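Take a look at the structure below.
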Amino acid sequence: MIYRETGQFKTSYASDQQLFPILQDRVFVIGFLVFAFGVMPFVASEYMFRAILVPFLILSLAALGLNVLVGYCGQVSLGTGGFMAVGAYAAYNLAVRVPDLNLLVVFVLAGLCATIVGVLFGIPSLRIKGFYLAVATLAAQFFIDWLFARVKWFTNDSSSGSVSAPPLAMFGFPIESPAEKYLFVLAIVVVFALVARNLTRGAIGRSWMATRDMDVAAAVIGIRPLTAKLSAFAVSSFFVGVSGALWGFVYLGSWEPLAFDVNRSFQLLFMVIIGGLGSILGSFLGAAFIVILPLALNQLPAALGIRLSTAMISHIELMIFGALIVFFLIVEPRGLARLWAIAKEKLRLWPFPH
Amino acid sequence: MKHATRMKAALALALAGAMGVALDAAAQANEIFVPALVYRTGAYAPNGVPWADGFVDYLKLVKARDGGVNGNKIAYEECETGYATDRGDECYERLKSKKPVAFSPLSTGITYALIDKVPADKIVLITAGYGRADSVDGGDFKYVFPMLGTYWDAADILVQHVKTKGSLKGKKIALVYHDSPYGKEPIPVLEALSKSEGFELLKLPVTHPGVEQKATWLQIRQQRPDYVFLWGWGVMNSTAIKEAIAVSYPRLQMYGVWWAAAEPDVLPAEMAAKGYNGLALGHSSESNNPIHKDMIKYLYDKGQGTAAKKEEVGSVLYNRGMLSAMLTIESIRSAQGKYGKRVVTGEEVQWGAEHLNLDAARLKALGVDGMMQPMKTSCSDHEGVRKARIHTWDGSKWSYTSDWYESDAKLLRPMIKASADKYAAEKKFEARDCSKVS
Amino acid sequence: MSATARNLTVAFFVLLVAGAVSPMVIGSTKFPQWLEVALGGLLTGVLYSLVALGLVLIFKASGVFNFAQGAMVLFAALTLVRLMEKMPFAVAVVATLAVMFALAFVIERLVLRPLVNQEGIVLFMATLGVAYFLDGFGQALWGSEIYTLNVGMPKEPRIILQGTFEGGVLLDMEDLVAAGIAATLVAALMLFFQKTATGRALRAVADDHQAAQSVGIPLNRIWVIVWSVAGLVALVAGVVWGSKLGVQFSLSQVALKALPVVILGGFTSIPGAIVGGLIIGLGEKLSEVYLGPTLGGGIENWFAYVLALVFLLFRPEGLFGEKIIDRV
């Protein structure tokens, strides 16, 4: 009833191929964007911006990038944290060494640096797959961690090895307040989500999915594994690199390589699994879930009057993450996104199921 | 599909928002909020737990024994950082909404991340015995207080100590350090000293979490340095001592910084760690001071203590956590002396911390006599005291084995000034002129 | 094997050996010093093999790449060390074994059975979940402090060959005993696999699930057995590593050390796990000691991975692994 496509006829190819073919989707998206851009900056508290919204958006972007690789192209990577680090340190070096560069240019160039590194470490995917590849990407993770910790040039000879981002500004306007930071990140993430959506439903996205479903068969029908796999690595690393730069510049402000260690890679992989493999929406849902769960775990027992020690909360957090991964893999391998799709199916008929 | 993203996100955000509101309501207006950034899990938990217990116990004691500070209640909340910079940052943002007056993150990495944020938020950062060494300069670092001692002091004092055993000319000193801002902090001072004293400095980094040290110690066996300085934390310390035993490096020639000289570091190696030395940051494992008796009386006898075992009270890191909390409370008290006995703000506590004067009589009254040296802070000196001595593990307990040393201001002061000014230039802000600050 | 792959493999090992002995040729390193490092590396390598062995066992029998092996090591060690506070060592070992068997049973029931016939990578991710769960569960149950596990391993090193070389060669007795334990365990497992009926059934399942099932081998029970054996291996690894490092959270990280070992040795080969462990241990320590100072130190963390990665490029199945053949 509420979500009904009846009567929406597509009379031209253009209308059939548009981004959101269903009217309700369009209304929702536009409504939501208006809300996110127009209302949120005024109603959200500083805490919301800093501790929830900004990290959620940045991690969504990284999860989006990883989802292109894992969900769409089927190449499991455990080196995401490393590629984020490449983005963050590239952006840092660009900003420090070329002082008057526009911030957006810095981020795009940082993304490109991550792309190069990503493709380089993606080359083994042509020979190996599955968990062999997963372990091979760990090589990238550990090597990159080491590189930024040890090679002083990358940290501009900082004696402590910790670097801090210069003040953020664009076209002369400073980006300082939490709301400004939020809007900045939101704009970037929306653009990237749009790009991802279009890439994945285009020819290149279909070649990724064919490779994911069965690479030998895909090669037989004329998809070059080389192009498909490496392009997935390139696009994914670009997204991840930009998110790394944002994480360092906008969220952390100053950081050390440990901020991008192997646990970050696992965390992002969990977002993708829980949110939904091969789904743009899933990346956002997964990120939201993983950002909010620890906060909820911290607040809920207290709200219910149960006193848990800090340590116990962390242990429970680990247990819930672990159990949920297994749960989703068994019950709903397509994650939260699939649950949402099911809800939509139901909404078609609701409240008159007959 | 995308609208779904947004919808779900909105729901999630609404939920989180509601929680945020609930959280705000919980913080009552007539309480002074002191957040506790702790780590009770992960690779650093063995050392993080006693510190956290001491910190929280002191706050509990102030509540139970004194009913707060000058009649104002103290509220606190723990937040688990896992010694990870980004999680510490998250905790900071989360607890900020409760109007905290001072943070003690117990992590040099987190300190670095927060240093840029505290001036804007007007929250004091008390980093007792860790943190960024050049933040001693209150002109550039208005809100940061590396009280009791910095790593630059520690490096200088360790060199002073080994110098008493004979000239360092032509000798070799190996620095085995945790590869993080914490471990890298002493390097500039040690490099400067190696030039002036004529010793060779070997830098041997150990990667987080520090359980892989075989190669490091094989190198030490081959290079045979005269002294090893251990700048480790968590499991890295006990592993280092065990590996030292495995390559027969004499423990007598090993010196740990004050974070590598506590019970969890030596106990796993048991008797074999005998002779291992460490810096004592004013205190060691004193457990019979009035303050400890109060802890037992007001908390542990009533089953209110934080530590799992009563015996933990008085251990090295427990004491240090306790002193960190005490410095926070005393800064609040000092602020109340100027601004009135009410709930003070972070900005007022900044003044309090900058005018902290804990003389011998005051320390005795606080019940920590002999556990820290009298200290006095000012705008140009956020540290207050820069003294330490050596304590040595005899197989079952720590005991002092040296006199007091004070770090060499002639060496460190110019380095602090240069480094702090570089920071101000990088961040493009105007430093305060301390001669004009009252 | 194609000629190119063979030549590349040979070239790889020639380079490896050349790299290993180069410190003596180019640098000023003396042979006894080199020998010390090499011995240390080999002994560490045996310990890596011990963890890798658990991985290979499970992979062979159920096609699961068990990332949770490290978490199982931690869990076993924590259980043992906390039980030892309340009961004598022998009883505690038996109790811990019982716990590990129960764990194997639960994992089979709740994780593996519902995921039967799924792709390898899905199972891999599921074990990631198991690893997280076990990390949290173990610490919630037993605490997260550092516990001393003393099973009477010798701590003091011994200097050998003092007559032959000046200063002698240092031998870590603790590592040596640990290596002995590992070797015994490997030999016992080999016997178990080759000589017993259960062992043969395990190998049959490893070769082909469906064929094994069709001749009446109960798949589920075999899996429980394999995971129990992996639990046993985890316990031994936990005792050895825990006695070295103290029982604490970082123990679970040893799994990360074992991954390049199985990659290099091949996922399906027990000898591969051992040879791979030795190569990685040796390469890691030599590179750290002789290359580390030039590069800034700390390279052992990625050296093993990069070594394995390079090797994979021309020999994706590893040293002794079965050739992977894809069919449409």
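By letter and in written order, the chains are A, B and C; residue numbering begins at 1 in each of them.
What we mean here is this: a residue touches a chain if its C-beta (ideal position, glycine included) is under 8 Å from a C-beta of that chain, and two chains touch if they have at least 3 such contacts.
Computed from a prediction, not measured in an experiment: that's the story for all the values here.
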Chain pair with the most C-beta contacts: A-B
Identity of the chain that, by mean CA position, is farthest from subunit C: B
Length of the line joining the C-alpha centres of subunit A and subunit B, rounded to whole Å: 35
Distance from subunit C to subunit A - Cα centre to Cα centre, in angstrom: 33
Shared interface positions of subunit B, touching two or more other chains: 40-42, 45, 49, 179, 205, 207
Where subunit C touches two or more other chains, by residue: 139, 144, 296-298, 301
Residues of subunit A whose C-beta touches two or more other chains: 146, 149-150, 311, 314-315
Contacting residues of subunit A [partner subunit B, same complex]: 19-20, 24-29, 31-33, 35-36, 40, 44-48, 50-53, 55-56, 146, 149-150, 159-162, 164, 166-167, 193, 197, 251-256, 258-259, 261, 263, 279-281, 284-285, 288-289, 292, 295-296, 298-299, 303, 309-311, 313-315, 336-337, 340-341, 344
Of all residues in subunit C, those that touch subunit B in their complex: 33, 36-37, 40, 44, 139, 143-146, 148, 150, 155-157, 159, 170, 172, 174-175, 244-246, 248-250, 253, 284-285, 288-289, 292-293, 296-298, 300-301
In the complex, subunit C residues that touch subunit A: 65, 110-111, 114-115, 118-122, 124-126, 128-137, 139-140, 144, 256, 259-260, 263, 295-299, 301-302, 305-306, 308-309, 312-314, 316, 326-328
Of all residues in subunit B, those that touch subunit C in their complex: 40-43, 45-46, 49, 179, 203-207, 209-212, 214-216, 218-219, 221-222, 235, 238-239, 242, 245-248, 264, 267-270, 272, 308
Footprint of subunit C on subunit A - complex, ascending: 74, 76, 123-124, 127-128, 130-132, 134-136, 138-139, 142-143, 145-146, 149-151, 214-217, 220, 262, 266, 269-270, 273, 311-312, 314-326, 329-330, 333
